[in-house]
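Two complexes come next, and they have one chain in common, chain A, joined by chain B in the first and chain C in the second.
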Partner chain A sequence: MIFSWRILPATLLLYVLGTLASPTSETFQEELTLRPLRDGKVISRFSFTTLREGAVPRNPELLEAKDIPQYYTLFPLGLGQVLREYAASELHLSLNSGKWDYEGWGYPGEQEVGTGAQLWAWISDGGSATVDERWKGLRNALAGLFCASLGSLDDQRTTSPKLAFVPVGDLPAWKLPHQLRHATLPSENVCTENLTPFLKLLPCKGISGIAGLLNPHRLFDADWHGMSVHVSWREGRGIEVRLAFQAVFDPVRLSIDKKRDWSLQSIFDKSIRKACPVASSSRIVVELPKNEAYAIDPKPSIVQEGFAVYDTSHVEKDLDISLRWPLESVFSYPLDPPLQPLSPLSVQRILKGTSQSRGQLSVSIRNTLPSEVQAVYLETMPWHVQFYLHTLKILVNGHARDDPLSDIAYTPPVPHGRPALLESVLRLPPNSTTQLDMDVMKSFLRYTEHPPDAQRGWDLPPAVLVPLVNSTSFVASGASTLLGNDMSRRPRIYTRTLLVDLATPDFSMPYNVIIMSCTLIALTFGMVFNLMTRRFVVVKLRETPGRNEVPMEKTE
Partner chain B sequence: MNWKDSQLSFPLLVVCRLLLAVTPFIDSLDLDHNHQLSSPTNSFVRLQEGLFLFKHDIDPYSGGSFYHSPLYLSLFTTILPTSRFLSRLVWTLIDALGAWALVGIWRERQNLRSSSRDTLIAAAYLLNPYILLPNLALSTTSFENTLQLLSLLYACRGRASPALFLASILLHLSLHSVLLLPPLILLLLSSPHSHLSNPKYFTAYRNSKGSLSNTLSCIGEFLIYSVILTLCCTMVADSSGWIEKTWGVGLTLPDLTPNPGLWWYFFTEMFDHFRSFFLMVFSVHLVMYVAPICMKFQHDPLFASFALLGVLGMFKPYLTLADPGLFLSMHSIFPEIFPYLYHPLPTSLLHLHAALLLPLFHSLWLTQGTGNANFFYASTLVFGMANGAALVDAIWAGLRIAIGGKEAEDEGEIAVVQE
Partner chain C sequence: MDKSHYGSRNPSELPFESPFLRRCILAAYWALVLVALPAWWHTTSIERLPLPMSQVMAQTKREIEFPLNIRLSSAVDGVDADAVAHELERSLRSRLSSQLFVLPTGLNDVSVSSEPGSYWVKLTDGVQESVVEENVLQHRWDVRDSTASSTLANRLAALLSPYSEHAHAEQHEHVVSKYASRYHIAFTLLNEDAASGKSALSWQIREALQRIMRPVFKRLGPLHNFTIESQVQFHAPLAFTPTAVDVNGTEVYGLTPEDLTVFVNSAEWTLSSGVTNDPILHFLLFVPSAFRRPLHILDSAGTLTRSHSFILPQWGGVVIYNPPPETQGNFHILSSQLDSILPIFRHQLLSLLGVPRLPSGVKSVSGSLSTWQIDALLRRRAHENAREAQQTLGSIVKLVEQIENMPVGKDVKRDVEDALSALDQAFEAALISPKLAFDHSSRALTLTSRAFFNPGMLALLYFPPEHRLAVYTPLFASATVPLIVAVIREFAAWRKQRKTAASSGIADITSVGYCPSSATFDHNDVITKVGLNQR
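What follows is the complex of A and B.
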C-alpha cells in the first residue's frame, strides 16, 4: 500500500505530461458494407479508419536526430513505429487470395484485388539512408508485423511505375522529391496468421464492434478474400490508417436448401454483441436488391437510395441483420438472357506456348463503353519471363493497328537483378476488343534460384489497367455502384496472375556435373599438353632388310 | 564443263545457298530460337529486340538480355536491312565472303593463283551443316567466322593493317577472339606456307618484317584500332554500359540459356559460393592454350590459329555449332595432315552421334517435356568429346607429320609414340 502511494505522484505527473505532449487527437470509424450480387454471392467489405489529426509524416532528413515522442491512443502502435522508423509518407499493403471476377461481381469497393501480396509506398529521398535501404527495412518490418513473406519483395520484384500508382493522399512538400516503390508477390496467400496481427492493430481488436464479425473460419472459407492496409496523409487533416477486409461469400453454397438468403449469423457465424466504445462512427450498410421482392430484418436506421444503413455505435442487444427473398424457394442462377458484364472494361491475359524456352503473352482488353477510353497498361514482370517488344502486335477488333499504344516506358529486366517494367497508354476505341500479342522468352535459372517446389512453376504478377477517367463517371456508366471514400480515385483493374513453367535443371546433379564437365576439360587439356610437351620417338617393331633403318628421332 | 573450275563452281555454290536461304520452307523450321544454332550473344531475335529498343531511345544495355556489340547496332540501323528476307540474303553473302576468304587462305598457303581444290574448300565451308544451319538461323556467328577468316587471309597476304583492323572489329564482336591475336601476329611476321613437315625455330621462317619492333608495332596498331572502336561503341551506345553487357557476359555468364557448349549447365548447377572461382578457372583455362600452341607451332602460325580455333570451338562460353563448324571446315586447307590423323573415324562418328542427339534431347527436354536437363547435358558432353577428339587428333597429326615414315608405320615396321 505504502509503495503504491509513493508512485502515485509520479504516475499522475506522467499522465499529465502525456496528455500535454500529444496535441493530436485521434478518431476511429468503422463500417461494414454488404452487397448481394446477382449470382447469389455477397460481397462484404470491412473498413476501419483511424485518423490521427494534425500529424505529419516523418521527414527522412531528420532520421538521424532522435524522433519526437509519439503518443498513440487509437492509432496502431506497431504500424506507427514502422512508419516513423522508415519515414514512409504513404503506404499500401494488400494480401489477397482468389481471382476477382470483374464481370460477375463488378468493380470492387477495395480496388486492390490483385492475387497475392502487393506493397507500394511513397518514400521521400533525403537523410543518410537511401530510399531503397528504407524500402528494404519497411518491407521487412511489415513482413514481421503481418507474418507475411513480404521480405521476398526484394530488388527482383521492386519497380517504380510512373502512371499507375498515384498517391492517394497528399505528399509533404519537402526539399527532395518522393519516390514510388512497388512490388508484388503473387504466390503469397492470406490466411489466419495474417488476420491475427491485423486484428491486433484495431483499437477494439476482434472483441467488439464490427470487427467482432471477422471470424477466420468463415472468412478464409470465402470464395475470395483479401485484407489491406492503407496509410495516407492529407494536408490539414492528418495521417489516416485504413484497414480493410473484403470477402465474397456464397450463401447458396452455405445454405442447406439452396437459397440465397443470408444473415450475419449465416455468413460470419457471429453477430454483433456490443459496440466498440471508442468508435466515433460505426455503421453497417446493406445494398438492397433492385426490382425484386425482399425482406430485411431488423428494420434499418435509415433507408436511402437503395441502401439500408444500421447505426451500430450503440448496440444494446444482439444485432443479426438478415436479407431474405421470401418468394424464392430455390435460388436459380440467372442464365437467360446472357448476363451483361458489370464492369465496362475487362482484361484477360494468358501465356501461350508449350515450350519451356519461349511463349507468347496475349492480353485481350474489352471496352463495352460507347466512348473511347484511355487507359494505362502496366506490366511488372520478373526477369524469369522477358519480353520481345519488337514482336508486339496490336489487333483492334481483329484488325492490325499500331496507333492505340503510346507513351511506352520500358525498363528492361536485369537477369538475377531487377524485373521489367512496361507502362504505356492504350487508347481503347468504343465497343471494341483490343488484343496485344507479344513473344516472351523464358529464362533459365541457376539451380539455387529455383523454389523447393520448382516443378510447380512461377507465379507472375497481375498486370494493371488504369482507365484515365475518374471512378464516378466510369462506374455510373457501368451500371454498378461504388461505395466508400475512394470515389475520386482512378479505378485500377488487375488481371489474373499467370503461372509460367520454367525449365528446371536436375537438382541432384551438382556434383555429377562438376565431376563430368571437369573430367572432359581435364582430359582434353591433358591430351593437348601431352602432345605439346612430350617428345615423339620412333620405335622399331621389326627389322626390315630391304629398308633403311629409321633412326631414333625426335621433334622439338 | 569442268566442275572443278572455281570460276564456275563458286558462284554456283553461292546461288545454291541463296536459293536455299529464300526457300519459304526454312521459315517454317523456326530456326531462330534454336539453342544449338544461336546463343544469347549472337541470336538474331535478341539483335532485333536490341535494335527495337535502340530505335525507341531505350538503352538496350541498361538491362535485359541484349549482348551484341554496339557495332551491330550501328550497322543494322544504317547500312544493313533488318527484314527477314533481306537479312537471309545478307547472311548468305557473308558466308560466301567467308568461303572466298578460306579459298584465298588456301591459295596463299600453297602459293598458287588457283588450284583444283578450290571448289572443294568452298564447298567445305558453304555446305558444312554446322555453318549452314546457324547461318539460316541468322546467328551473327556468321559475321564472326567471316571476319576471322578475312583477318587470317590478310595476315597470310602480309597486309598488317587490314588484318589487325578486322581482328579488332572481331574483338568487339566476340571477346575470346583476342586469343587468336598472337598467331595472327606471328603469321604477319612469317609466311603462311606449310612448314609442318619441317619444323624449325620461328627465326628460320620469319620474313623481312619479322623483328621485335615490328611485333610491337603490330600490337600497338591493334590496340589503337581497338581503342578507336571502343570509343565508337561508347558513342553509339551513349554510355560505357555496353562493355559489361558484351565483353563482361563472356566472363560472368549471366545468361544460362542452353547451348552445345560446356559452360551453361556447369554454371547452372554450380554452388553460389564457388561460382566466381570456377568462372575464373574456365576463363584462365582458355588463355592457357595460347602460349604452348603458338610455341609448338611457331614454324606454322596458320596451323596454330587453326588449333586455337579448335580450342575455342570446344570451350567458348556461348558456343554455337558455327564455332566448331569453322574448325572443321578449316581442316580442308591442311590436307597434308590427313594421312597422319590417328582416329578420324571415331571423331566423325562422335560428331554424327552428337549431331543427332543434340536436337533430339533438346526437344525432349524443353518442348516435349519427356526428358530432363540431363539428357541435353549428356549430348553436349558427347559433342564436347567429339570436338576434343577432333582437336587432339589435328594437333597430333600436325606434329606427327614432321617425323614421316607413314608407309613404314602402316606396314607395322615402326610405331611413333610419345616418350
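What follows is the complex of A and C.
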C-alpha cells in the first residue's frame, strides 16, 4: 500500500487520509436467537453484522472531490455506495408488520418494532448539498434499494427529535455538527419484495449459513415480522452494518396436534445445510424453558445460563434444532393465575371522539417498577392531526397533577408542510398509571392530498417512550451477556399506530363544482342579457264577453 | 299619445328602448366575446417557442473533418524524402481524406515533435519492426524492397483510420459502448458457490489495479472519467447447467456459445450499485463451483477453446478462473496471480471503449497507448458525438413539428441553440486539434440529449384542447345560445322593418316592427307587462 500512496498526487493523498484509513479488513458475524414464549410462540431474531475495520464515514465537505476507488469484500456494495453518495454517518431503517405485544412477549431483541417503516439518520452538515437535500437523496436511494415506499418519507413526515434518538455509535468530530432526521411511515407494508434485496446485501445471501433459514413463505406468515438495517461507526473500530430480521412464530398454530414443540424445520420449513464460509462467527442461541421439562435436540455445543448455543461455523450434516415439551400432550394457554406483564412499562394510546373535526388523544403509561422512572415521551404527528397543547391534562393514578411533565419541546405543525413534534420528559412514579389527555383537531385536507382508498383513514405513527435507564431491567427473563449487543443502550418502546378518520370529500366534486358554477354564471348572464336587450311593448287588453281577463303580453 | 290613463308611458318611446341602442348592446356583447376569444385561447394554449429549424437542417448535413499533418524524415541513405512524401500523400489522400498532408522535414527538427496535431514518420534502417512512441512512428525502410512504399502507406492508413480498416468493422461497432463522459468500472469476483469449498474468499485487486489498470485510466483521462468499485460475491449461481465434456478420460465442463449469451444471471447477482446514472462497465472474474471444475469455453462445434474470457458487448467482460486442481480449501487470490488476469480485463476495457489496436507489424515502445491511437479514438468519438447530436437535433425538430401539443420552453430552445453553436465550434476546432473538437462535440451531445429529454416537453401532451373545451361547455353552451338567438331575432326584425318601410312608406312605424300584424292596439287602453323574452 505504501507504493500506492507515493504515486497519488498530494491533494488526493490528503483526501484519502481524511476519509479512508488504510486498507480495510472486513469481518462478518451471524447469529440466530430463538426464544420460546409463555404463550407458546417463538421469537426468532437473525442478526448479521459486517464490520469494515478502519473505515470512516465520508465527510460531506469532500462530496465534490473526485471519488476514490471503493473496494468491498464482505461489506454490501449497494449499501456502501448509498452511504458514501449521501455522506450519512449513521443510519437506521426498520420495516415492520404487526403489533408488538410488550406485555406478553417482553422487550424485543431488536428494539425498533414500530409498525410500518421508520428511517432515521445522523447526517453531518457541510459541503454544497444541504442536510435536507442529502436526506432526500438518501431515502430515495434506500427506497430503490429495498423496494419500499420510503420516498414518501418527505418533509411532511420528517422531524428532528432532540432526546429520543441518540446515535448508537460515535459521530466523527468534523467542523460542522451532525443533524438528526427521523421519519416514519406507519402504513408501509413489509413483504417478500423487501426481503429479496435484504438477502442480497448479505455475503452468503440466502444460500448458505443461518440466512438460509430466511424463507419468505414462513416469515411473512408469522404473527409479527420485521427487518431492520443499522449502520453505525465506532471510533477505532470502523463502520458496522447490522442487518436484522425478527419474527414471532406460533408453533401451536402450525402444529396439527396443538403442541408447542418446534424445530427449525417446522417453523422455517428449512434446515441449515451449509455453513457460510466467510462468517468469522456463526451461532444459534436457544433460550431454554425454565421450571419445565423439555428436550432439545441435537446436543448443543455449550449450555450456559439457561441458553443452548450451537456453533454453526462448520456444518457437517443438516442441522435441525428442535425443542420439545415431552410431558405436554396439548398446549394450553396459561390463564390462571393472571399473567405478570413481561415489560415493566406499558403504553396504551388511543384516539377518542367520533367527529371528523375534533378528537381526544389519550395516552396511558403504566409503571410496574417499584422505583420512579424518567422517560422521554416523543410524539411525531403529521399535520393532519393538530394538538391543542393547552388542553393537556395529566392524571396520575386518577389524580390530576402538573409536575410529571418537564422539558416540553414542541414544534407546531405547518399545514401541508411539516409535522408536529412533541417531546418531553415524564416522571413516572413507582407502581402507577399516568394518563395524558389532550384535545386534537383533525385537519381538512385538500382534494389532491387524499391517498388512494381515502375512506380507510390515515395511519398515525407510533409514539415513542424512552425510559432513561439502561435496558437490563427491561429484559424480563434472564438478562444475559450472551444475548445481544443492545444491553448498554436505552430501550425504546413504541406504541401502536392509530387510524384517524378525516373528512373525505366526494371525489367527483371538481366536476360538480365546475358544472354548478357554470350554470350559475350562465343563469346570471342570461338574466342580465335579457334585461338589456328586452323589448317592452304596450298590449291592449281586449274586453271580450265572458272572458273578462285576458292577460295579454307581447314579447319578442 | 295618451299617457295619463295608467300613469305610464308607452315603453317604445323610452330612450333605452330604441332599436339602435339595443343593437349597440348586442354588438358590445359580441365584441366582448370576440375580443376575449383570442385572450382565452392564448392563456390556455401551451408555450411553443420557435426552434431554429433551418439552422438545424443545415447543420445535420455537415460532416466533421480532420486535417492530418504528417512529417516525414529519412535517416536511410539514398532515400529521397521528398519523393516518398509525395508518393505517400497521393496514395493516402485517395484512401483517407483530401485533408491529408505529408511534408518532408529534417531529421532533427525539434519543433515538429511539439507541434500539436501532427505526426512524425521517421524512416530508418535501425529497427527491426515499426515502433510507435507518442506521435512518432519509426519505420524500417528497406531500399531494396519494391513494396516499401505501399507497406508504409498501409501502416499509416491503419494507424490513422483504424476503424475503417478493421476486419470486422460491423462487429466492432457493436461491441463499443456508447460514449459517456463518466464511466463506473465495477470489478467483481464471483464464486459460483463458495460453500462448496476451494473458493476464492478475497483478491488483492487494489494493488493489481494500481499497477496494471491505472496507466490506462490515466491515458484515457482526456476522454472519460472513471469511478472504480470492486466487490466479492460468494454465491453467484448460474441460470443454467454447464455441459459436461469428456476430454481424454477426464470430465470437464464447458460453456457453449449459447450459454455465454445468458451467462450473466442478473436476477441473482447484485452487480450494480444503483446510485449512479452513469453507464457501468462490469468486469467479472468467475470462479466455478468446486464440483464444476475446470470450466472451459466451447466453440460452436462443441470442442474446447483455449480462451477463458469473453466480452459482452457494451456491458463488460468475463474471465473464468479455474484454480489449480491441487488447491486445498479456500484461498485468496494474490496480487501476483491477478497479473495474468487483469491484462485481459484491460484488453476488454480498451475494446469496450473503442480504443484501436495497433496494426500488425507495429509495436508500441512502452506497451502504453500511443498518441496515434488516442487521436484516432478522439476523432472517432468526435465524429460519433457530432453525428449523434445532429441526429438528436433533427429528431427534436421533427417531433415538435409532428406533435402539435408539445410545449417548447425557453430551456429547450436555449439548449438547442447552444448545441448548434457547440457543433459549429466543434467543426471549427477540428481544423486545429482533435481534442478540442471532441470536447465541443461531447458538449453538443450533452446539450441535445438534455433538450430531447427535457421533462417540460411532455407536460401537456395528455391534455388536448378537446378537454379544455369540455370543461367549459356548461358555461359556453348556455351563454352562447341567448346571444345567437338575439342576433337572429334582431336580424329578422331588421329585415322586416326594411321591408315594411319599403312597401308602405308610412312614417308612423314606431311599433310596427314589434307588433304582430294580427294585434290591434288601442293606445288608450294599455298595460305594460314584462314577460320572458321567449316565444
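Assume the second predicted complex is superposed on the first by the 482 of 556 C-alpha atoms of A that agree within 3 Å, B and C clash if a C-alpha of one lies under 4 Å from a C-alpha of the other, contacts with A are read in each partner's own complex, and residues count from 1 in each chain.
As a working rule, a residue touches a chain if its C-beta (ideal position, glycine included) is under 8 Å from a C-beta of that chain, and two chains touch if they have at least 3 such contacts.
This structure is a prediction, so every number in the text was calculated from the model and none was measured.
A.B. asks: Where does A:K274 make contact in the superposed view: on chain B (first), on chain C (second), on both, or on neither?
C.D. replies: Once the two structures are laid over each other on A, A:K274 reaches chain C alone.
A.B. asks: Which holds for A:I515: it touches chain B only (first), chain C only (second), both, or neither?
C.D. replies: After superposition on chain A, A:I515 lies in contact with chain C alone.
A.B. asks: First (chain B), second (chain C), both or neither: which does A:R358 touch?
C.D. replies: So A:R358 only meets chain B here.
A.B. asks: Could you say whether A:P69 touches chain B, chain C, both of them, or neither, answering first, second, both or neither?
C.D. replies: Once the two structures are laid over each other on A, A:P69 reaches chain C alone.
A.B. asks: Taking the superposition on A as described, I'd like to know which of chain B and chain C A:I408 touches: first, second, both or neither.
C.D. replies: In the superposition, A:I408 contacts chain B only.
A.B. asks: I'd like to know which partner A:Q81 touches here: chain B for first, chain C for second, both or neither.
C.D. replies: In the superposition, A:Q81 contacts chain C only.
A.B. asks: Just to be sure I read the superposition right, which of the two partners does A:L145 touch: chain B = first, chain C = second, or both, or neither?
C.D. replies: The second partner, chain C, only.
A.B. asks: With the two complexes superposed on chain A, say which partner A:I207 touches: chain B (first), chain C (second), both, or neither.
C.D. replies: second
A.B. asks: Please indicate which partner A:N530 is in contact with in the superposed arrangement: first for chain B, second for chain C, both, or neither.
C.D. replies: A:N530: touches chain B and chain C.
A.B. asks: Would you tell me the residues on chain A in contact with chain B in one complex that are also in contact with chain C in the other?
C.D. replies: 514, 521, 523, 525, 529-530, 532-541, 553, 555-556
A.B. asks: Provide the residue numbers of chain A that touch chain B in the complex, in ascending order.
C.D. replies: 354-358, 386, 388-390, 408, 410-418, 420, 439, 441, 443-448, 503-506, 509-510, 513-514, 516-517, 520-521, 523-525, 527-542, 544, 547, 550, 553, 555-556
A.B. asks: Note which residues of chain B are touching chain A in the complex, please.
C.D. replies: My answer: residues 33, 35, 45, 48-49, 51-53, 56, 58, 60, 62-66, 199, 201, 254-258, 262, 264-272, 285, 288-289, 292-293, 296, 311, 314-315, 365-367, 369, 372-374, 377, 381, 384-385, 388, 391-392, 395-396, 399-400, 402-403, 405, 408, 412-419.
A.B. asks: Provide the residue numbers of chain A that touch chain C in the complex, in ascending order.
C.D. replies: 1, 3-4, 7, 23, 66-67, 69-74, 77-78, 80-82, 85, 141, 144-145, 200-201, 203-205, 207-209, 274-278, 514-515, 518-519, 521-523, 525-526, 529-530, 532-541, 551-556
A.B. asks: List the residues on chain C that touch chain A in their complex, please.
C.D. replies: Answer in residue numbers: 10-12, 14, 17, 22, 25-26, 29, 193-195, 197, 199, 201-202, 205-207, 209-210, 214, 225, 227-235, 237, 268, 270, 273-276, 330, 471-472, 474-475, 478-479, 482-483, 486, 489-490, 493, 511, 514-516, 519-523, 525-535.
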